[in-house]
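Each of the next two complexes has chain A plus one more chain, namely chain B in the first and chain C in the second.
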Partner chain A sequence: MPRNLMLALAALSLSTGIHAEVLTDADEVIARADLAAYYGGTDGRSEVRMIITDAQDRQQRRQFTVLRRDVEDAGDQQFLVVFSQPSDVRNTVFLVDKHIDRDDDRWLYLPGLDLVKRISAGDKRTSFVGAHYFYEDVSGRRPSDDSHEFVETTDAFYVLRHTPIDPQSVEFTSYITWIDRNTFLPMKIEYTNPAGNVYRRVEVFGVENVDGHPTVTTSRVSDLLTGGRTDMQFRYIQYDVGLPESVFTERSLRNPPREWLQRPEN
Partner chain B sequence: MKNTVIRLAIERPRSIYAAVMLLVVATAALMTRIEIDTDPENMLPAEQADRLFHNAVEKTYTYHDAIVVGVVNEQHPNGIYNVRSLTALHSLSNSILALDGVIAPDLASLASVDNIEQEGSGAIRFEWLMRAAPVTEQQATDIRDKVNRLPLLKDSLVSGDGRAATIYVPIASKDLSYPLSREIQALIDELDSEDAYHITGLPVAEDTFGHDMFVQMGISAPLAGLMLFVLMLYFFRSAQLVIAPMLVAMATVIISMGLMIGLGFTVHIMSSMIPIFLMPIAVVDSVHIMSEFADSYGRGGNVKIIISRVVDHLFRPMLFTSLTSAVGFLSLLLTPIPPVQIFGAIVAFGILLAFILTILLIPAYVIRMSPAALDKLTSEKRKAHTDTLLARALRRTGRFAMRRGKLVTGIAVLAIAFSIAGIYRIEINDNPVRWFKASHPIRIADDVLNEHFAGTYDAFVVLTHDGAVARAEYIRNANKLLVDIDAAYAVGIREQLNADPVDSGAYYGNLIATIDDALFDAVGPATVDSLERLMELAEQAQVTSKYFQHPEALEYISDIQDALNNSGYVGKSNALSDVVKVVNRELRGGADSEYRIPGSEAGVAQALMQYQSSHRPHDLWHIVTPDFSSTVIWLQLKSGDNQDMSLAMNFLDEYLAAHPLPADVEMRWAGKTFINVVWQNVMVAGMLKSLLGAFVVVFLMMAFLFRSARLGLLAMVPLSVTILGVYGIIGWAGKDYDMPIAVLSSLTLGLSVDFAIHFIERTRSFLRSSGSFAAAEKQMFEEPARAIARNAIVIAIGFTPLLFAPLVPYITVGIFMAAIMALSGVTTLVLLPALMSCAGPWLFPEMKKRGAFAAVSGEPATA
Partner chain C sequence: MKPWPLLLLLPITLLAQDDPWDDEDWGDDDEAAAWAGFIEAGLGTRLHSDPLLDERNTLEEVRWRIESEWQPGAATVSFKADAAYDGIEAGWDAEIRDLTAAFTLAEDYDIKLGRQVQTWGTGDLLFLNDLFPKDFVSFFAGRDDEYLKAAGNAIRVTRFSEMINVDFAWTPVFEPDVYLTGERYSFFSPLAGENIAPRPPLTAVEPDEKPANGEFALRLFRTFESREIALYAYRGFFKQPTALTANLEPTFAPLTAIGASLRQPLGPGLLNVEGSYYRSRDDRDGSDPFVPNDQLRMLAGYEWEARPNFTVGLQYYLEWTGDHSRLIDNSPSPEFEPDEFRHLLTNRLTYRAGRDKHTLSLFTFFSPSDSDFYLRPSYSYRHSDEWSLTAGGNLFGGSDAHTFFSQLQDASNLYLRVRYHY
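On to the complex of A and B.
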């Protein structure tokens, strides 16, 4: 698997230091992976360009800015997602209060309909705005939703299998994650369906060190059943920008906070 | 040449046997390559424009072949909305999902689709409609209430009356329809349910049809052969003699079919009928030879001399009947439907082959018969041949026709008028599902599902917007702006401007992303200003290109739907406008008054982005392309009859004439139901051309054969009357003019002209030898009339086994074969002598001079 090797090498060169210890507790690995993937710094911003491609290679694009603020590490978080492209969905806004101990709170503003809606948390494994990413992929699946076990530990990866605690709530029977041993970023995830086939794959193609945080810059999710895929590029990434809590209120839905959405000067 | 052939047959019988045997074995070996083709689409050439478009639509919108599982509950007050029924449906749907070959993401059932609904105060919820089977009856009826709010599901996934539900099972390949439907049936058998389950859908129907076609070829055709054998045995009373024409027929069928399969042609419903068509035609010539041989043997004694004389006698009429029959079938090449063309070509080939085999094999066979067998055949039976019921009836018929010529002609004219009136009543209509008998499980499933649902027959109104004009204008403006833009950025942008615009989603997406990146990096006011203007124009062009996201476009579609839904020709229509209305309603609180299209393009775009935030975002691409430049209105029809589809098409044509399509928008039809109409229209027009073409050519051949245009015309009478008569009967009987009926015209032409040629040729030769029309006609109603009558009866009755065929087209052919034989036999034996008695002097001018018509016309003999 040359691609995996390359990913591993890329990750290695970015890492701040080789971890001498080899972790043997799956729960600990997943906890650190959760932190690495979703809790870099105390807050952050990123611009996302999403290219949704179907089996016939027809494309749809979405571009949006994500503002994130952690209430506490590995705990509650707030997200504000503001769309900029295509122009007909510009200023569509999602506001998410992610909770660890209860359902998330989600709001939606649709400027074209001049409508603020609360979205029932319900099922988080639905498509995020038509992409092959799910809502849950964007805000992170709670480690406590699955039980975790080691498949193997390679030179580069902790390979873990995750089995849902409540199988009725999800469409997969299990998934396997390849977690980089140095950065703790999940570099590949494969989902298996009840028929026993791998039907969905998430891959990380690019990782950069931003402000000391190894950060995913390009990734892809592939729907192996329909042949579609979504590529994500993360750009203009910043950590610890000092986002105030007031940004993550319903007021921001109709009035997106311009000063925080600006691209940083390079 | 004729004599060489006859001599060859008589002198070298063993060599002939060997050669024919070799050919039969070789071609029979080719038959192992048989490939059955049951796709009705193949009625059109692969490159036919409507078919190409239909296939492109199926690909663009990802329409798979689907097995349809229908479930009906007639007992429960809530129909299928009860715990037990839904539990069974839920379990079945999930089991089917796990089968190999099922395209799981596109499987549609209550258990696999999404619901969008209100929750609590001002929240909306996207969730599986029936993630788990209901536990209480209340939960079951809750599902009903949800479905009734989702117009795309109601009457498509569950019937409006709640009695029936379907599971659409898209499959990866048609070849899987048989094994998968077996597996699904096995799953159904294990369900805890008393509901009625049906398995149908086009791939299942095609597969079953292919199977039944095999049965027909394997059982009905040999049975027809056996029937022919028994009938000939009755007439000729010598199994040994009758084996000969059977050999000719079998060799003809095997060589023709083997050659066709060897040439790589698939066996289609048309070509599966080739054996049935060839067998009677192959036997006809032999019957003429044997009939005359049986009647003349015993007078001479020397078999070789008698058989040579008989073949010599019949060579010309047989050659011409074969040529004209072949022309009749070759005329099918004028019908641009490949299976019909192949059918015509192979039958024509078979007819000529049968002629060659007849004049080689029959004499070769007869001279190798033992003298004892020959004596048994003839000497003591001769009297019997001339003294049968048939023989006596024919003599009476001849006398009647001669004496009452004017009466017979008058009756014929009336019959023709009656037939023409009938022809005007003919309804052109077809429906491949009706090729199954009414009692067939597929027909039953079809009836049951269409009784409950808005219709299981699909047709698609495809609307496409051409964005080239707007794009060209943007490129023009962009090129002006690019002059002011730093070359470092202009190069990349120009590249995007010149990119392939086929998917405008990718085209404008890449273009805007490139401009966006440039905007971030660029410095210098001229560049930045121009880039900003470029971006603005690009975004406008992109919005324009998403034509079917515009409220006006959706309102237009919605109006078309309303008109179609109210027309009575369409069970239901489903379109993008329905999706947008449902999402808008749920976003705005769920009130019925909000079931409408938002007022702005952005509003529509944002509603659709919400729809895409479901478990099945790809469902959207079944009704619109991702760049929103093309969309379909999916129509469900309760009937697959071409007439009903045509009514819907005519209705839409009229509607569009009154409500013209918006600028740059094109409308085209697609869907299997539409394709059936296309090939039927091609067929009807083509058949008329074929028939007229054959008519002219056969007439010219007749005129040439008889060296007389008048006799040529006379020869056309029986086939014309028969064709008019047969189609007149079809009209009066109210039988739809469909594919098998259309092909019958060639068969009629081919067989009816046979009888006429024999009758006229023999009459003329008797006229010449006897010099008297009365005497000639008396002779005609001996052996020649018996040969014609025997032929007609053998073929007519020989095909009664077809009445037991599993498929309707074969039954139709069986019935009309009998009708054609009866009609053309009667017209030849009654109308021809009657016409001759009235117009003999005009028809045979040289015989008139010799006074041959004195007794009939009352003129004194002058010679």
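On to the complex of A and C.
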């Protein structure tokens, strides 16, 4: 499997602008999409800002830096999210140990109380710091949580429908993903609720090549029922920065690792 | 009179709003200090008056928070302070919550020096091994939860390693809890046999300021897979003035504590178990009625998301007083002494709606052994990144006048706070 993975990765980095062969296995497409969206390089960093717009057009803003480290490609990962804006969440830190074979471990550090709060496993398809993004969207939904089938393959996209293995654990009955055939990045996702309506949409508006990795730089989540949305921008993106495992521990909650949070000069 | 006119200044800062998206401003990444904080007005009032106190309100303040951070060299200097006009104490009050220098030594040692808020342990609003100072006066008045933790002047050294992490906090001068003095709330006095509100307000005798009277707190901790394990030790004093001097003045008895905790996922939620043994150094055999006895404190809790956005947390807590029969035999007022076993159940219900815009919460303390309770309902509304509002209550009750929550019956209050973040 590691060799196949290496080939997949090699194909991934070469595939930009080249039409690879047409894939027909939905599980393989989703595995490559998962790698493309969440496992670029062995680690990475990015600054992120979100504009949250509610149905009345009122806006809120969040800004944070994300550090990511892959324990294993398509396997366990670690995330550290350090907030800088707005002032009431400044220095709040979110740590995720993402596991493939069990529930993720998640901690939130609240600086006002000096409190390391742990978040229970069930609590993942709820708003991430007031955004239309969910906690689960930060670290990615496990491909094995859903079953996957082809809807169609167009010139540009693999279109897949995903059905949750455990329908009780989620608010949707299914979702459809438009996966770019070149980059394997999911460019659009639409979620259907039990009433049969598309109520949530994720769209990618900007993709840039960063260190050979096609990378999302602008995206939006829309709540189609209320009319609210969250826009997200990614900047100062770097891959393979050499993040050590020790960055992803309780130490970084109380004392965020400045060395690794510092903005790169580019 | 009262400084409400301060609030008129707010619209000036509001003019500084701009379109946050089109600009290419990602903020500075240099070491320049950014000032932030909030202005908050709070009002809390009793459901019924306390016959011992003239003041009907429990909260009546305008509070200004200012905070910043600098990074000179490899160190981080943090500053966070409040200035508040308190209508109940009829005066201005300034408090530094954070003034620290933090730096790393020899890669593995994180040092933090100065005035700081510190927290450890696994309980939710129940503290066993966390013997850092707490401010129950703020907590009962309806101030933000963060004020439950009081700041202390301390040196904190944390060493990180693969084997085990070691956390050491030295507080050179004992920092007691902010305790009930009779100024804002009356409290039960076993000597008087009823609630009192002394004038001048009660001041407890604090330990002499000498090195041996400092507080030493130690935590060894490690995470094994998803399981967090910690061992604790403390040498200092009981944080509440529960002892009496020879002159019958309230004071703080010497305390040594050791404990352990565990926190891990279980089923759909999180389990926490914690225990601590409180060794009362001046009353080893439990016969001195003016000094608290040894106690074993145990806690078990479970929290899970019962429905999307609806979280339930349950805790069972036990205080087992050692040598209890000796305490009763020697006490001048045995009817007011704690039960041998004090049981406490807590329940936290949290419901968040509209992407955390609205938070409804109810925290319940209920003691079947003391037959008393404390309810903390609250509603928070986050209107924008700048404006938020919290309304809630602190409701106390019980059947015996002397138990912890029951003595605060006349402090039961409803409050409202409006906050502007800048």
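List of remarks:
The rule is simple: the second predicted complex is superposed on the first by the 248 of 266 C-alpha atoms of A that agree within 3 Å, B and C clash if a C-alpha of one lies under 4 Å from a C-alpha of the other, contacts with A are read in each partner's own complex, and residues count from 1 in each chain.
We adopt the following convention: a residue touches a chain if its C-beta (ideal position, glycine included) is under 8 Å from a C-beta of that chain, and two chains touch if they have at least 3 such contacts.
Note that the structure is a prediction, hence the values are computed from the model and not measured.
Annotation: superposed three-chain arrangement on chain A; chain B versus chain C shows a clash. In the superposed pair of complexes, A:49 makes contact with chain B and with chain C alike. When the two structures are aligned on the shared chain, A:85 is found in touch with chain B and with chain C.
Of the two partner chains placed around the shared chain by superposition, chain B and chain C are both touched by A:113.
Judged by the touch definition given at the top, the superposed model places A:258 against chain C, while chain B stays out of reach.
Of the two partner chains placed by superposition, only chain B is touched by A:225; chain C is not.
When the two complexes are overlaid on their common chain A, residue A:103 makes contact with chain C while staying clear of chain B. In the superposition on chain A, A:70 makes contact with neither chain B nor chain C. Of the two partner chains placed around the shared chain by superposition, chain B and chain C are both touched by A:60.
Applying the stated contact rule after C-alpha superposition, one finds that A:123 touches each of chain B and chain C. Two complexes overlaid on chain A leave one chain B stretch from 5-13, 41-49 or 113-121 clashing with chain C, and it is 113-121. Across the superposed pair, chain B and chain C both touch chain A at residues 49, 51-52, 54, 58-61, 63, 85-88, 90, 112-113, 115, 118, 120, 122-123, 125-127, 129-131, 171, 228, 263.
The touching residues of chain A, when paired with chain B in their complex, are 49, 51-52, 54-61, 63, 85-90, 92, 108, 110-113, 115, 117-120, 122-123, 125-131, 135, 168, 171, 193-195, 223, 225-226, 228, 263. Considering their complex, residues 47, 49, 51-52, 54, 58-61, 63, 84-88, 90-91, 97, 102-103, 105, 112-116, 118, 120-123, 125-127, 129-132, 171, 228, 231, 235-236, 246, 249-251, 254-255, 258, 262-263 of chain A touch chain C. Residues 20-21, 26-27, 29, 36-38, 67, 69, 71, 76, 102, 104, 110, 116-120, 144-146, 148-149, 158, 160, 165, 221, 223, 226, 228, 263, 265, 268-270, 303-305, 308-309, 311, 352, 354-357, 382, 384-385, 388, 421-422 of chain C are the ones that touch chain A when the two sit in their complex. The touching residues of chain B, counted against chain A in their complex, run 59-60, 62, 94, 97-98, 103-105, 114, 119-128, 131-132, 503, 505-506, 508-510, 512-513, 516, 520, 539, 542-543, 546, 549, 584, 587-588, 598, 600-607, 609-610, 612-615, 617-618, 620-621, 625-627.
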